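Labels run A, B, C, D and E following the written order; every chain starts at residue 1.
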Amino acid sequence: MSEILLRAEDIYANYGDFQAVQGASFEIRKGEIISIIGTNGAGKSTLMKAIGGTLAPKSGKVFYKDTEITGMPTHKLVDLGMSQVPEGGRVFARMTVMDNLVMGSYTPRARKHKDNALERVYDLFPVLKEKANQVSGSLSGGQRQMVAIGRALMSEPELVCFDEISLGLAPTVIKDIYTKIRQINKEGMTIILVEQDVKRSLKTSDRSYVMLKGKVVLSGKSSELAEEDVKKAYFGL
Amino acid sequence: MDALLQSLIQGVLLGGLYALIGIGMSLIFGIVKLTNLAHGDFLILASYISYSVVAATGMNPFVSLIVVIPVMFAIGYIVQNTMLNRVISKGAEPPLLVTFGISIVIQNLLLYYYTADARNLRSPIATKSIIITDGIRIPYIYLIGFLVGIIVIVALGFYFRHTYQGKAIKAAADDREVAQLMGVNIKSIYGIAMGISMTTAAIAGVLVGMIYNFYPTSGSAYLVIAFAVVVIGGMGSTYGTLAAGILFGLAQVMGAHFFGASAQLLTGYVVLLIMLIFRPQGLFQR
Amino acid sequence: MKTGFLSDSKRLIKALIMVIVLVGLFVLPNVANQYTTMLVMLICMYIGLGQMWNLLAGYAGLVSLGQQLYIGIGGYALAVLSNYYNIPILIGLVVGGLVSVGLSVALSFLLLRMKGMYFAVATWITAEAFIVIFAGWTYMGSGNGLFIKAVRGMPTSTIYYYSLIVAILTIFIVVFLLRSKLGLGLIAIRDNDSAAETSGVTIFRTKLYCMMISSFLTSIIGGLFYMSQVWVQPYAAFAINWTIAGMFIVVIGGIGTVAGPILGAVIYVILNQYLSQFGGISMIILGVIAIVVILFAPKGIIGSLQNRFGFEILSARRDANKNFMGMQIQETSENTEQ
Amino acid sequence: MSTILEVDNIHVAYGRTKIIPGLSFKVEEGQVLGVIGPNGAGKTTLMNALIGLVIPTEGKIIFDGMDITKLPPDKRCHLGLGRTYQIPRPFEGMTVYENVLVGATHGAGRTEHKARPYCTEVLKRTGLYEKRDTLAGQLTLLDRKRLEIARALGTDPKILLLDEVAAGLTDAEVHDVMDLVAELKKTGLTIIWIEHVIKTMVESTDKLLCLATGCLLRYGDPKETMNCLEVQEVYLGVDEE
Amino acid sequence: GGNGETEDPGTATPERDYILIGIPNPSTGPIASFGEGTPWAEELAIKTINEAGGIYIEEYDMKMPIQLKFVDTESDPTKASEVTQKLIVDDKVDMLISRHTPDTALPVSAMAERYGVPTVSLECPIDAWLSGGPYEWAFHSFWSIDTVYTTFSQTWKDLGFGEGTKVGILMPNDPDGLAWLPIFQERLAADGFVVSDPGRYPNMNSDWTAIINQFKADGVEIVTGVNIPPDFANFAIQSKQLGFEPKFTSMGKAYLFSSDANALGVDIAEGLSAEVWWSPFHPYKSSLTGQTPAEILELYTAESGRTWTAPIGYKYAGLEIAIDVLTRAASLDPEKIRDAIAATDMTTVVGPIKYNDQHISETPLVMGQWFLNDAGDMVELKIINSLYPEIPVNGEAFLK
């Protein structure tokens, strides 16, 4: 087995007084794809924020390659090789598509490969090349999602986390994306998928975690998880 | 005829200076979305710092920039990081009040240390001109102001268009959280933006100090000019600011030329309001 | 859930307190010393100024830096009408208010095209332009301004009552407005204008009403200020300081709350009076206080208290369960899901 | 059944970029019309044109026999057009209840008193009743989408325009939305629904319209539209499952 | 009327054992340079009398020392009016002294009238102060614009500028400019000068090209008017840049203080002439200590390290008047104090004070010019013309 890349231990995260994540743990090994699934409001996005540094966890620890990274500022995590696509196709609305993508290669490590990476993204989403000089605030919903995904890929991360990757994308594009994900995974990128589409995520990932009300209630090899169990865990039946 | 040409020249040159006064504000206004009511006072603060440096070392005011710029950059960085960053996400009004607080503190500290006496950074070229004809002259100091204004603005334009850091500032202003996810150090990036704004204020402050006399309260007059330039040019648009500065400067000087001295300020404002009717988001804003 | 009885009695107590406070304020000039009367008078004026700025900035999202325009108009209206036409002061106040409304309507066609800080700056520049206009207008006494001779001997207590009534009026109007359909539309526009528009809110009209109300009352408050000051002069009458004072009051007290400007005005007036004796450093202290308060309580004092204790005085919030009229201390929504 | 909405050869452009170069179709009263198409095809743009956020450069939009091509959004809302936003835009400083109240008072022209029971009903129907006092800024994505629908319903529309309200929902939740749509349809509401979830579209719409680069690719029975070769090519992709 | 609002002590035990004089002062803001020297000058003035135990007050049959209460007007008339009200109703001052430009003198005098507080006002052109009248409680002393003109024109005539000389006037649109304008226009015309008037420019004007162009076109030889210092500085520098060099400049307000004059740079400042309201060369003596202006200012420079300014004389004189009045009134009854002010007839460091029925007493004004000092690095003021025989001339006017 390959080394553990990221390990989250007993994470608690709050919004004010409200506990959105209540003791969730998971780990991911180098080269894996894992999926985190759960109903709306289960706390998936919050967990990702807590790991990615945009929301300080109340308690718990996060390790990246055996170094503790809990509470480390986000930009440092990015330097270490973690990247995230937040949910909802968030783009730098007043910047052009091209500048958005270029921002993806902000880390010194990624800057070197900027031109290559840009080509790859354009390859994946040809429409973005057409719109390279359009202000991204005026893109369609799906196009924004493409920018967000492309931007994360620009940083050539070791570990990337996609929150609701297929949101707003047309079926053709979704298919492409999933093919692409498997491909970049094979090229060595470790991937966390946060998805609503249970079937697709089970199919794509090596292992899965099911979250309910802020806790991980089920986990295991995706291929071994029975659909019945997942459903039960999912709805807390 | 000479008088008209002289006014035209003066208007354009003055406009370059106006653009320089406005550019730092426009940057912070458009990109960080912060209305810095203390911009004029920072500018005058730079004039005073330069004054002290010149008084202590006897160097040329321009040379004093090697001290003034780093000091102003640091002040901007610190002010942004210790105060403004804490309120920037709380809506438009708290930062407005904080910058106003900073404005009165600067004014009164200056008054305290430097007294209400008039000061300037007069250098021998202040009263010299290039004489073209008897009726047309180009004052060196305005010419320098104009050229420096253009250089600074072009440099800033390049910075925001072609450097990662420049883009990071814009990105951070658009979406803080996502910018962090790109690896931007959000804590320092606004500080850097403010530092750059203060750098332009430093340059403008030294020029203003060489052209005009200044007092601890002089800042407010420059704030109005900066605002006018920003509104005409469109927030955060570097070349827009340049065009706006020239338009505003020309409007004032030509207003005075055609309608008399009393019309000078008013013509400026009228041009500004007309601009706003046709381009409510500024000249160069999409 | 509270029982009907409980909330009824709470309401009664609340009403009782209000009545006592009101009666107290109305007899104040007879029982308190002259200085207290003057302080409360100033506080009342600044409450009005603050409430009106809050209505624009805090509720409608129209961050104005040009309220001084209406202060100036109010002062000048008083001066012109009483000096040149011998018109009684009170009528002068109202006429000033109406002129301001007219002006605000005319300006709205220009200003309301702008959003955010463009609006802020444009309002300020407009007021600056009015300095230039009034300073060049011989009829208005040009740069010299005008003395409002008719109010020279007016006793403080008279101005006190006018101010008190106007302050109460502004509070009442703000509360009433916010609990009306118009207020709901205003807040919707502030939060997201295009969504508000597709929800049926007519943006221009809603903002316009708001500007009209605020210009009318601000102008009346301007008249009151100049009743007490006697001399109206363009550079002071149209000075940004008026709006800054309003902003200080609202932001320190708590923007977007009704009680905020009241507390803010009390702090502002007392602080100013107290600091005035410290000569050179009074302004530094005021500036530092403004900065420190905002840094540690960015929502203002009332806003922060509300956050901590979870109640709202004079709330404009609608409770989905209860009828909204009547002034009661309401508990804000605690999150239902846990 | 009568035609409630007629789109007659509209051209829509943002500045110099033409998005919809001539599009015509009709919607019957009480129907659910599905709109699909690749990303960037112009679906949201079409909706913006219907609601008045962008004015077509050519062509006409006729609603209930009335030419509304140039009316501003608020007027259209008063006439009975309600919409949701693809990227939710709640009034963040307001509670969920107040969000709905805005539409119910300003959009539907009720007094606040009269709007109250109606809002309660809308909130219950959209499953937000429990959260009525929560500040809208604190909702999860799903609830924000629900709130979008609730707010649109609050305006008491004759036509409801839904923009990707089911995106990001789990199967069960999508079913909730489908039930809601079915229920709304029963009350005689006309619905125009943009969505990328094919199964849903096929199951719950009466007619399906496929857009590609601003042009009408196919308009008709949902199954037929889906089976159309061109649609499969540009939109669905060659099926591998 | 509001005059009844002041309370009458009436009893034999005083509420406090000192006399309180309120002094609103522009300590901060644009006219802060006028406020400089406060409280030094005022405290100097009350020192001797307080050391002697104060002033005898009949009602209480005791001597009471004077205490001063200063408040900052921030150079803002609105603030000035608010803080003056505080002095009156909170601190219950027995008297007010109001001075330093219309922005302070007018609102303070207006409040004095409303509340019926006896007030000594100084240092604001008489014409401007009168526009707020008629006054019952406030009394004012300074010079009038008419005198300014007479002084200016006398100097010009002495220098040989005769009828037909082209005079450019530079008057802003502010209370001073508007007050000076009609008087200068009328008298310039009467004296046969040819006037070039580019119009009322606003304060803090940033560009002077149009004005300079007109002066050049009209062949202006003398420039006169009244400006705030930054505006004149700017005008003078731009004039030089654009090649406009008038033969003689006589400007009010623009470079009264040594700091303002020297900030212009010696090349510009040398030869400028101005109205001088007070200087170390004034021959009067303090009614309190017999000190001469020169002595007082020497003390000031020694203690503060700053150069002298004319307002210091008026700060001092205000208290001279107040002490004289209170001594004569021997009462804290406002009406008695007021009557005592009306009856004033004395000589202060700024000159004789005797109010007329408009409550005005005109103080002397002379003409000064800035001369290069011996080292050649600074300019210093000398008096070059005087309508008052007692104030001697100590420099010879020159053209540049």
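In the analysis below, contacts are C-beta pairs under 8 Å (C-beta built on N, C-alpha and C of every residue); 3 or more make two chains touch, one makes a residue touch a chain.
Every value quoted in this text rests on a predicted model; they were computed, and no experiment measured them.
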Chains touching both subunit B and subunit E: C
Which of C-D and A-D has more C-beta contact pairs: C-D
Most distant chain from subunit B, judged by the mean position of its C-alpha atoms: D
Separation of subunit C from subunit E, taking each centre as the mean of its C-alpha atoms, in whole Å: 38
Separation of mean Cα positions, subunit D and subunit B [Å, integer]: 47
Interchain centroid distance [CA atoms averaged], subunit A/subunit B, Å: 43
Subunit D and subunit E, separation of their C-alpha mean positions in angstrom: 74
Junction residues of subunit A - those touching two or more other chains: 41
Set of subunit C residues in contact with two or more other chains: 132, 136, 280, 283, 335, 337
Touching two or more other chains - residue numbers and ranges from subunit D: 138
Subunit D residues within the subunit C interface of the complex: 51-53, 72-74, 77-78, 82-83, 85, 89-95, 97-98, 101-103, 105-109, 111-112, 119-120, 123, 130-135, 138, 151-152, 154-155
Residue numbers on subunit D that touch subunit A, as the complex places them: 14, 17, 36-45, 86-87, 138, 140-143, 163-164, 167-173, 196, 198, 234-237, 240
Contact footprint of subunit D on subunit C as seen in their complex: 180-181, 184-185, 187-188, 190-192, 194-203, 256, 317-320, 324, 332-337
In the complex with subunit E, residue positions of subunit B that touch it: 3, 6-7, 10-11, 14, 107-108, 111, 115-120, 122, 126-129, 131, 134-135, 137, 139, 141-142, 211-218, 221, 225, 249, 252-253, 256-257, 260-265
Contact footprint of subunit B on subunit A as seen in their complex: 52-54, 73-75, 78-79, 83-84, 86, 90-95, 99-100, 102-104, 106-107, 111, 135, 148, 151-152, 155
